[in-house]
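First chain A sits with chain B, and in the next complex the same chain sits with chain C.
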Partner chain A sequence: MILDRLRQSFALNPLTVKQWRRFRSIKRGYYSAVVLGAMIVLSCGAELLVNGRALIVYYEGELYFPTYGDIIPGSAFGLDYEYETNYRDLDAEFEEQDGDNWVLMPPVRYGPLENNLTPGYFPPYSPSFETGHYLGTDETGRDVLARLVYGFRIAFAFASLLLLCNYLIGIAIGSAMGFWGGVFDLAFQRLIEIWNMVPTLYVIMIVASIVIPNFWTLAAVMVALGWTAMTWNMRTSTYKEKTREYVLAARALGASNQRMIGSHVIPNTISVIVSFIPFSIATGIFLLTALDYLGFGLPPPTPSWGEMLSQGQKHIVTAPWIILSVAIAISIVLVMVNYIGEAVREAFDPKKFAYYQ
Partner chain B sequence: MNHPAKTIAVLATGAVLVSGCGSETNIYLTLGVPVEPYALPETAIELPPIEVLEGDGLPDVLPEDLVWVTNEDDPVFASPDAKRGGTFRTSILGFPLTLRRVGPDSNGSFAGFLRPNQFGPIALHPDTRRAIPALATHWAFGADGRTIYYRINPKARWSDGVPVTADDFVYAMQFMRSKEIVAPWYNNYYTDRIRDLKRYDDHTYGVQGANPMPAGEMHANYGIGPQPRHFHVLNDDWVANTNWQIEPNTGPYQITKVRKGKYIEMTRKADWWGDDLKYFKHRFNPDKIRVRVIRDPNVAFQYFLKGELDTMGLVLPQYWHDKARGEAFDNGYIVKYWFYNEQPEALGMYLNMSHPILSDELVRFGIAHSMNFDRVISTVLRNDYDRLSTFQIGFGDYDNLDIQPREFDLERADMYFDAAGFETRGGDGIRINEDGERLSFQVTYGTPLHTDRLVVLQEEARKAGLELELDLKDGPGSFKKMLEKKHQIAWMGWAAGGLAPGYWQFFHSANANKPQTNNLTNHANPAMDELIMEYRASTNLEDRIRLARILEQMVHDSGVVIPTFRVPYTRAGAWRWVKLPEWVAPRTVASAFSPFANTGGFSGGGLFWIDVDERERTLEAKSDGHSFGPTTIVNTTYRVDPAG
Partner chain C sequence: MTSYFIRRLLLIIPTFIGVTILVFTLTRLVPGGPIERMLSEAALAGADETATTSYDSQGGSTLSDAQLEDLKAYYGFDKPVVVSYFEWLGKVLVLDLGRSTRYSDPVWNTITDRLPVSIFYGVWALILTYGVCIPLGIYKAIRHKTAFDNLTSALVFAGYAIPNYVVALLLLTIFSANLEWFPLGGFVSDDFDELSGFEKIGDVSIHAVLPLIAYTLGGFAFYTILMKNSLMDNLAAEYVRTAVAKGMDFRRAIFGHAFRNSLIPIATGFGNNISLILTGSFLIETIFNIDGIGLLGFESLVERDYPVVMGILVVSSILFLIGNILSDICVALVDPRVKFGSGDAGQ
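Coming up: the complex of A and B.
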């Protein structure tokens, strides 16, 4: 009996199961989700795949794992300097010594911030398997692939953070507006209309003139000005739902406002929320990229797609690999996110027999 | 902004002028119709006589003991092979907002075409830096050390044929002081810096400045130009009325055609009064100059490649190395010129001494030794730039060439940082001191074009355990932060100019720890203050040179400035038919293809000529596919061995 209870509580809502099946049946959305999911998971461990730091160093009978944590100075491996070890050089040196020492490097052997410059040769360097710059370097000799990968992680994290904060605030205020209506609703509508008029770019420029913008300040500004979008949708949905019989029934049973909104209204507007998520992510990525492109985003040398775009544009004739890499990457990610968005919307569509084309 | 040239330089780089385009107005100016005698137009206001403060003022009678001098002994720098004729085609980024030389909107890039055609009493020789005759033939210095007397060339004429007289100089003074011209900077300069101006006869006048100075600098600072008093109707509507009027000038070119939004054409005066003067012979050769509006530099470059513009500046490495390639270059239709010049330069990192850690000179020395400029030069800057050795350079004899810049040297950096108490390194490799303070500084800078240089320095500095945090702001925003002294390290350059280096504004304690002054380092040193004041007051050139070199050494010793790069040259591409003298240009030119007299503060422009026959030959060769072979002319006559 306990087992039954457990199974019941873990069993998915039949509606959810149906929606999931429907989502899976839409192939391009589903595969996009799989690929994008894999990319996100991989990018979380980007340090293990794309890094100038070695995975494992075996030196004089001891194993070192430099990937995470503090830097290991060159002197730890018998080199004559106190700054961080250059593991590619160390690898070459151990190979030359032909001793027991060895270095295991990640598949891509460059970090996103390292300037791999050769005096007398002028960056950007073209893609080459020999040097290990599979997509070439940018104008200061940094690996394009490494910057793409880390740039993706930052952009996605930024977009997710933005989404979370915007939705928390937007849903809370939007539902409250719809649920209470009246003066509260009116006041907030006007407030939001005024708030919407604040030009985001100027605010960011002003903030940038006071402090050096970083991930958190940028996100804070964007959330402060971006939460309004979700309120309108939530307000309308809540207005619609609150007049339904089940809400009236809950009210008749003496449910509190909090319970009515939290347990009854919001779960029934979930399809609206969920179908907006992928598009919000796409907007978030696009916003950060645009800001970086204009030079108001994350400070250099943060790896960023927008900064790469502007570099690529500058070197469009002489170093086309920069713009090609980043343009293709942006296109692929945004197209995938949109496919997922379409599929989600379709899966949550209450009209069962609608055709998805 | 304390010099008009600076203002122009700053605005010219930033200003993209727009216009109400489309309407076609052809304005032809009839040259050579004298309008005499002069009478104040009825609509004009009466200007007050020149007001003189107590303690200032010129004598009522011309002193008799004046020693009148001229300069006909310096070498000629124009080529006798120069041929007159042809049209020189060039471009600007936007149509000017006005054709006035002063007043609102007049400081845009087109001022660079108008102002050099208004001559002053003298010009500065582009090689010797000495005064040479222009409107004046002779000059003499007053006993007070701040007065000059000029004798005007009786041949000097305005474009409409009216002779230039001493009254035009008196009028210039009244004009520049009047509120009607809506030019506060000029109002102030002609009140604060120029104290008196007096006419002695038709062709003789005297001018008095605020401070005593050596002769050359007095010319540069107090040798103001005339204004055509027969032309201006000064009243409340002056700004609006003169907006599109073509003002008579004294230079070789005059505007003859204006098509709003499209182009402006200037014509060489056929019987220009200056043609016989020693230093103006064989100069200003093209018959016409056509200034076309092309709003995008990349588009302008395409026009140049097609042969629709005669020359194009190629100073930026990206242009010189990457864009200036292709058939026209390979076949020698376009010739590339790389000319090392002597123009004042001051690019550096300015360390704010009011920062508690940067106030320690050991830290400042350590930072200097952690900056790997050679690596930046040999990679991202393509070996094009040189290392700058001192705070400022390019003033000829004033330069202190004995100073060696602090080189990238990790051992020395270690030594200095250790001595300053930053002995241990944190987990991220950055040094910390006993109080747990990290050795980390913000570098404030104002253009994304410099990010590539800074990230290389940033990575290299980590090796010394020093962190640089890059603080990129928009241009005005970064300069504001620096002027408010809120920066830690300022990465910028000064549009240095003039004949001698300045120290008071940059290093005197009177300007330290105060917002809106140019002492970005907040440097204050009583010993240096004394020398600076001595340098400022001295009128003896040798003495000033000696003091300037000592001051430069003191700046170096204090470590408050880390000199960065210098671009000691001008580069350009020119179609084969644009000819230059064998020696390319005199040492001080800012641009070898400047069609007018003044370039970079000296009279070294207008030397090139258009060879019409060569043009035919080149165009023929181009259509036949005949090649002259790629031609690049590099002139290193005036190259100063970097840091040596």
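Coming up: the complex of A and C.
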């Protein structure tokens, strides 16, 4: 009895179930979603996988977990310095001492900001399993793989933030435009038409020459320029939904405008909103990477794909591993995002054709 | 028909005024403009050095006093905003876009000097895109849900997903830096003038291969899928069914009836190519060091050559507006249902 009730209250809308089945049946998009989802989850705990700090240190009968939290000075492990412990050296030293002490390092033993220089050789160093730089280092001796992973996390967080802000503004203004129409609609239409002419990259470069851009200012400028696309889409779909009978019925029952928009129109345009999400994410990553590539993006030494691209181009002949790693990583991620988008669109709006031959 | 186009042309005016106001607002942000003066005063008051250091760290050379005076005179910083806007608009209308601070040539000449290169790439990219997408779209529509359809869909979507500058960098790494099949960039070789006529063509072509691939790859997905979907919509329509039912063979039903109608959505975007042709992608031009309008705009921005930046903005906005009108004309030519004078413009 209770179980039945529970199942009922958690039961999904049959339409949603159908859409989910259709999405799963599109293999390209479904597997991309699985892989990308795993990558996002893993990147949230990137500190545990790719880090210069050890996961666990066992020293003189005590366990240390240095990954999160304050730095532990070298003196805590019987070393002769007060700055942060170099856990790779500590690991080597404990091995040498052959005592009970041990260090457990993450799979990739370098952080994104550490410069690891080998005396007598100039970076960039080529990929090697011996040193643990699986994809080599960049021109200042920072691990390419570590910067790729953290760069992915930053790019994705940035794109998600853009998406959230753009959609909030777009849904609010767009549904108002479509619902009320008239002068309000006309005025915003012209505004958007002119606003769309603003060359995004130009404006950001101008802003970047006035203030030092950081994560938040960059996001603010991009939202200020990027809200139009979703607004336009929402306007069109609200316009369509508004004339449908169920809205008329709600109006006849005396529903307020807010109620008609909030609980009738917007839930029915959700498929439009959802099918735009992957493409918006791709655009966000594209914009941030392009700006970083040109040197107008996040300030150094933030790990960023765009900065790695421009560094890679500088060393295109001497150190092709930099540019190849980052270009391939960007390509794979964006291709997966687009495959997901294509599949979502297909799932929400299956095109069934019948023709006679 | 004439009245339709006249009305359509008149609609440009409000948008043009809006765009020029926007560009004019941007000029207020250039060095020495009111905004920056305000910012630097604020920075001085707060003894906050970030504003000034960021200024130098972006690699731009600061302008000399004489150049600042020129800018002030051209944009009328000393006059009220409304007055200086109309004075500036008057100058723009007679194509006086000021003088480049870098070359000290008139901006209009600087822009037109780079036109041939941009037009060369734009036109070839256009031919390639339509030449590949229309046949591919048709073939995919007929072979819907086959292995060929799935494979090409995966390929064109991958091409669409990867940003064009990443494609450009990948191509450059693989084919220029490592395999050395193609040159590392530029429009022509250094010894171009000494080559014979035939060799010149070869030289331009070998320089053009990689940039053209990078230019066009991203556009394939859009037009191919558009062509495929609209052709399939039409194939499923009643009139094609009728034609087939009456005994017309399938090929003729496609090319005689469905094909022409499915060109309509393709035609709606055709006019916008004019602005793409001329402004190109400045990222690709930067990567391949091609001396087109895109690279000019980027260099001007980095070197703080603001008259050129604003000039390019004005020119490209006007081109965009003209492109919209060209699209309307294309649609009117392909689709006889467009009623001239019914005033569907503005949507």
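Operating definition for what follows: the second predicted complex is superposed on the first by the 340 of 357 C-alpha atoms of A that agree within 3 Å, B and C clash if a C-alpha of one lies under 4 Å from a C-alpha of the other, contacts with A are read in each partner's own complex, and residues count from 1 in each chain.
In this text, contacts are C-beta pairs under 8 Å (C-beta built on N, C-alpha and C of every residue); 3 or more make two chains touch, one makes a residue touch a chain.
Since this is a predicted model, take the numbers as computed values, not measurements.
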item	value
Touch count on chain A, higher of chain B and chain C	C
Partner chain in contact with A:Ile330 - chain B first, chain C second, else both or neither	second
Which of chain B and chain C A:Val317 touches, first, second, both or neither	both
Partner chain(s) touched by A:Glu342 [first = chain B, second = chain C, both, neither]	second
Contacts of A:Gly295 with chain B and chain C, given as first, second, both or neither	both
Chain B versus chain C as contact partner of A:Pro14, first or second or both or neither	neither
Partner chain in contact with A:Met205 - chain B first, chain C second, else both or neither	both
Chain A residues contacted in one complex by chain B, in the other by chain C	205, 208-209, 212, 295, 317
Residues of chain A that touch chain B when the two form their complex	69-71, 73, 81-84, 113-115, 117-123, 139-142, 205, 208-209, 212, 295, 299-301, 310, 314, 317-318
Residues on chain A engaged by chain C in the complex (per definition of touch)	28, 189-190, 193-194, 197-199, 201-203, 205-206, 208-212, 282, 286, 289-290, 293-296, 309, 312-313, 316-317, 320, 323-324, 327-328, 330-331, 334-335, 337-339, 342, 351, 353-357
Touch list for chain B against partner chain A, complex	318, 321-323, 374-375, 378-380, 382-383, 410, 414, 425, 427-429, 442, 448, 451-452, 454-456, 458-459, 462-465, 469-474, 477, 480-481
Complex contacts: residues of chain C adjacent to chain A	14-15, 18-19, 22, 26, 29, 35-36, 39, 50-51, 53-55, 57-60, 144, 153-154, 157-158, 160-163, 165-166, 169-170, 172-173, 177-178, 229, 232-233, 235-236, 240-241, 244-245, 250, 282-283, 286-287, 297-298, 301, 304, 309, 313, 316-317, 320, 346
